[in-house]
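So, here come the structures, one by one.
Here subunit A shows up in two complexes: once beside subunit B, once beside subunit C.
Entry: the complex of A and B
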């Protein structure tokens, strides 16, 4: 008799989801599914609105990574205006994107995932959270909170607001950077870099304690997608899309924004509001791929900054013959990217061009279609708009990082559930590990479904007829 | 010799000449009375009812913008009763159309938003109507979003009384009233609009805006109409 386990809600993620684990007649895990249970419809209700509103309108999808939406949206709008934005505006947009990556990666690693890594997957759930970490490892918790604050403060210093600023506009940014603001950020960079390096040094030996999780947390071959510069250096704001396979061989390279519809399509499953994008040439569901820190580190040739370059070499030593496959290593990749982002912030602020007052191109709509692609902390983000002659949106499509990872998350929780769920009852440790697979991807479900909802998770265990045998719930 | 009127506003005694409204005298004396439809340099319509005040001895509320000062008046400009009605009016305005401050060109420069903040409107008790109004982006320079219109008719009065074009009009009745250009044709095809921008700079919300403005970037030039009218009256 087959059975189903349900985890509802999944916790310490951004958004609302449910996991069902179906057991076969022998009581072994057959398949696990992640269901995103919220819907918002941004692509529909933005129709009829002027394109200039799109950055701020779509940024309201999410309070964690509004900067990512602002950037991808503004890039799509730049194309609708058919302008090449001033160089200083590009630098300032890059700068705020790195600040966003710093704060979001710090949030994911320190606040959401460090409880599992520091206190253990089987530790008491009552204290398995950032406050529990603060009680036992106060220095690390303080570092994490400081680093996130640093990222958020850079965003605020540049744009006037930590969450949902209106500084990033079609054509560039609203106003230039003041020298005093630059100096204030520069003054804090040494401490931020020191924390990033210290955290990496602490984390690398810790990895050895999680061999079972590394082996079973979405550890399978997939494609990896990420932006790189035309020379192959990791990119987060501009660049071209590259797809590599599990051997890190380039499958397709130098894709421009307008090429994406030829390579990425979206499938819809009846049990989730989250679409399942797939690599079109391989079809659905064979075209499974991953995006985000792990994918970016697998896809690029180099980091392009000295400290992160050394870390990339060490990271790649985890799997010298190909791509690093286990999604558990998203955490590690996130820390390497955090260091890289801080190095890039240092470089950008050292350039005198960053203070240029030419930061915005003004234009009417001059094209009917615009696509903006950037790398959000969680992966590749695509905003695609069409407008009428007056600049009003007639069609919009948003493909969000978490969506790209949907197939891999589902396959990942099936792999973990097969390993850790052994009986008709769900143990706390098994529940947490299945959730932790999802947490590796640092998914933002509000973004990915552009959806409305709370954030709890439920896991259900059902038999082959769909009868619920056991369920766990976290509010 | 001009007659001197003595009256009290908000407990303070004033001596003033005839012909002024309570609102004019209060503003000149820095006494706050909320308004939305009133605009210096334009005629009064008393449409928004936010400036209602209590006058001792008069059982009903009176609009400060349309009530002239009179001898012995004792005017209360703020009371629990007035606060209740003013909040109610603002809530009804929010519920009537689709005001989304987060994505609005006038965010941070909107009189409706500022009044709501000042008067403590933190939610709306009435169900939103979510009307479906199309965005008119047909004009080369300006946008019109009826979703953000509060029917104050400032645009219509500026167009009529200062520019003399009378492009703007009210169409429909009651809750279905809506501002239209000419005989409800696209603004961009209006044969009467002179593209002078006066309507845009008197709009209290983001209903009328300059094209190309991103969120929060529509900052109205509020002095244009008072300047033009004062120059006309001075005969220059």
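Entry: the complex of A and C
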């Protein structure tokens, strides 16, 4: 007789999912599984639509990182038109991408994960949320809200809208940046940088209190994948794909967008709408890899901005030999990237070229296939389209950042559940830790493919055929 | 005065409407004193509670869980607000309605997959034949269109409700 614990829904993440934990005959954790319960169908329903619609349509896969979809999609469309977009358009796309990384990382850290980090994994679930943090640590909550607002406002200032703007278009951006808008952003940068530095200084000593979590939150060797510049600096918009192993040795480097089908393939699991991409040369499921802030910091040679460079050196000291392996350190990596993004925004706005009025190339369809890759806050995002002679979509494939992490998320919750979930006494705090593994990845599940709230922690007794014999619920 | 019990729910949406809710920024902290956020993707409650004064719903009804959930939410909620075009018209999720479920699922899990091709059916909820707006299944008291509705619009509506008035909505798209 086996038992299954169900956590439904997984909360304080961006999207819909549940977790099941299967216990063996002795009541020990056998395996934990993450089930993504939402399915959207973009890859099919975009068929027959003009390719120019793809950026604003596919942005609706996700309201947290619409900019990432806009960018990967627009890059695929640039290729369909066979244009090289103006330099200022590249800079403006980079700028809005950094703004999104700032707002999204702030959301993940302050709004979603700080309740675990500040109030504690075992604290009262009724107040373990951002408003609970605001009541106890008003300063930090205010900083978090301010920093997210800063990122969202840069997006709004550039594009007219915070969520789902239409400014990023095939061939570049819709209109140039006005000097007054630039000045308004520049005026707020010092405060944003000060908050990012303060948060890092606060967080680094806190890590010591989470040794058990660090040891068990997906702490195992995998490959890491991320974009880097041709010189090896961390990249979020352009660049080439690099794969490193757990020793931080380069496995393959300088992959172009068109190379991805040779290295990445997708597998289906019957209990999730989220597919599991894997590194093709190693096969499934051995080809497990991670993407996102932790992977990018492991894959790059350097950050390329002064403050983040110092932080990277300190970050790497966590694991002097090889890559930083624990997914708990996604939080730390996110804060380093936040600082880096602010430094890059500063640089971009200091260049006079950012005000150039040459921002858009206009062309008809000139190629039948286009692939766009960008680094979303959560990791590598791939949009791949085919069109007919009239520019109508005939086929599309989207590989979403969170998908890449699917194998590692599943293996990670199994590792944490084996350590924390004890059959004799299943505690809320233990189950919250299993969920917290998922929060480390900051998954964006609305992208990927949903949850029901009338089932609390539910424990089911099932026989070997999976028939439910008995069940009990805890609120 | 007792605090107003508010819930926010995601059905089939992109979370953009919830982001717009968060885009109230510092006004959130001002609202926080007057409300209890009893259920939301932002908090850890696992059970949709009884006696909720206001539930704000994002997204369309697309799968069996959504349908079950919206009926449960309605039975435990005084005022139900449909937030955003997906909840109001089914918007982007509704774009799949031109295709059969099988066509949609085959593209994702058979044609665009290399290993274990097949349509997932275990544990996860089955898709409904069509993705539909929520008022087709339950009574909706307040409609707030937009993709997403602007944070100012959401704030105006919530502020009015907190004062015990029904919001007068000027329709503002986007």
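We take it that the second predicted complex is superposed on the first by the 446 of 475 C-alpha atoms of A that agree within 3 Å, B and C clash if a C-alpha of one lies under 4 Å from a C-alpha of the other, contacts with A are read in each partner's own complex, and residues count from 1 in each chain.
Quick note on the criterion: a residue touches a chain if its C-beta (ideal position, glycine included) is under 8 Å from a C-beta of that chain, and two chains touch if they have at least 3 such contacts.
For clarity, every value in this text was computed on a predicted model and none was experimentally measured.
Peer 1: For A:390 in the superposed arrangement: first (subunit B), second (subunit C), both or neither?
Peer 2: first
Peer 1: Let me test your reading of the model: by the given contact rule, A:290 touches which partner, first (subunit B), second (subunit C), both or neither?
Peer 2: neither
Peer 1: Go through the superposed model and pick first if A:60 touches only subunit B, second if only subunit C, both, or neither.
Peer 2: A:60: touches subunit B and subunit C.
Peer 1: Would you check which partner chain A:269 touches, where first means subunit B only, second means subunit C only, and both and neither mean what they say?
Peer 2: second
Peer 1: Which partner chains sit in contact with A:174 here, subunit B, subunit C, both or neither? Use first/second/both/neither.
Peer 2: Touch status of A:174: first partner only.
Peer 1: Which partner chains sit in contact with A:148 here, subunit B, subunit C, both or neither? Use first/second/both/neither.
Peer 2: second
Peer 1: Determine, for the superposed model, which of the two partners subunit B and subunit C contacts more residues of subunit A.
Peer 2: When the residues of subunit A touched by each partner are counted, C comes out ahead.
Peer 1: Quick one: classify A:161 as touching subunit B (first), subunit C (second), both or neither.
Peer 2: second
Peer 1: What is the contact status of A:75 with respect to subunit B (first) and subunit C (second): first, second, both, or neither?
Peer 2: neither
Peer 1: Check whether A:50 is in contact with subunit B, with subunit C, with both or with neither, and answer first, second, both or neither.
Peer 2: Only subunit B is touched by A:50; subunit C is not.
Peer 1: Check subunit A for residues that touch subunit B in one structure and subunit C in the other, and list them.
Peer 2: In subunit A, residues 57, 60, 164 are touched by subunit B and also by subunit C.
Peer 1: Using the touch definition up top, name the residues of subunit C that touch subunit A in the complex.
Peer 2: 9-20, 22-23, 25-26, 28-29, 32, 37, 39-48, 62-63, 65-66, 68-69, 72, 91-93, 95-96, 98-99, 103-105, 107-109, 112-125, 127, 147-148, 151, 174
Peer 1: Using the touch definition up top, name the residues of subunit A that touch subunit C in the complex.
Peer 2: 7-9, 11-16, 18, 20, 33, 35-41, 43-45, 57, 60-64, 66, 107, 111-112, 125-126, 128-131, 134, 141-142, 145-146, 148-149, 152, 161-164, 265-273, 275, 278, 280, 284, 397, 432, 446-447, 450-457, 475
Peer 1: Would you tell me which residues of subunit B are touching subunit A in their complex?
Peer 2: Going through subunit B, the ones touching subunit A are 102-103, 105, 107, 134-135, 137-138, 143, 188, 211-217.
Peer 1: Which positions of subunit A touch subunit B when the two form their complex?
Peer 2: The contact residues of subunit A facing subunit B are 48-50, 52-53, 55-57, 60, 164, 166, 169-170, 174, 362-364, 390-392.
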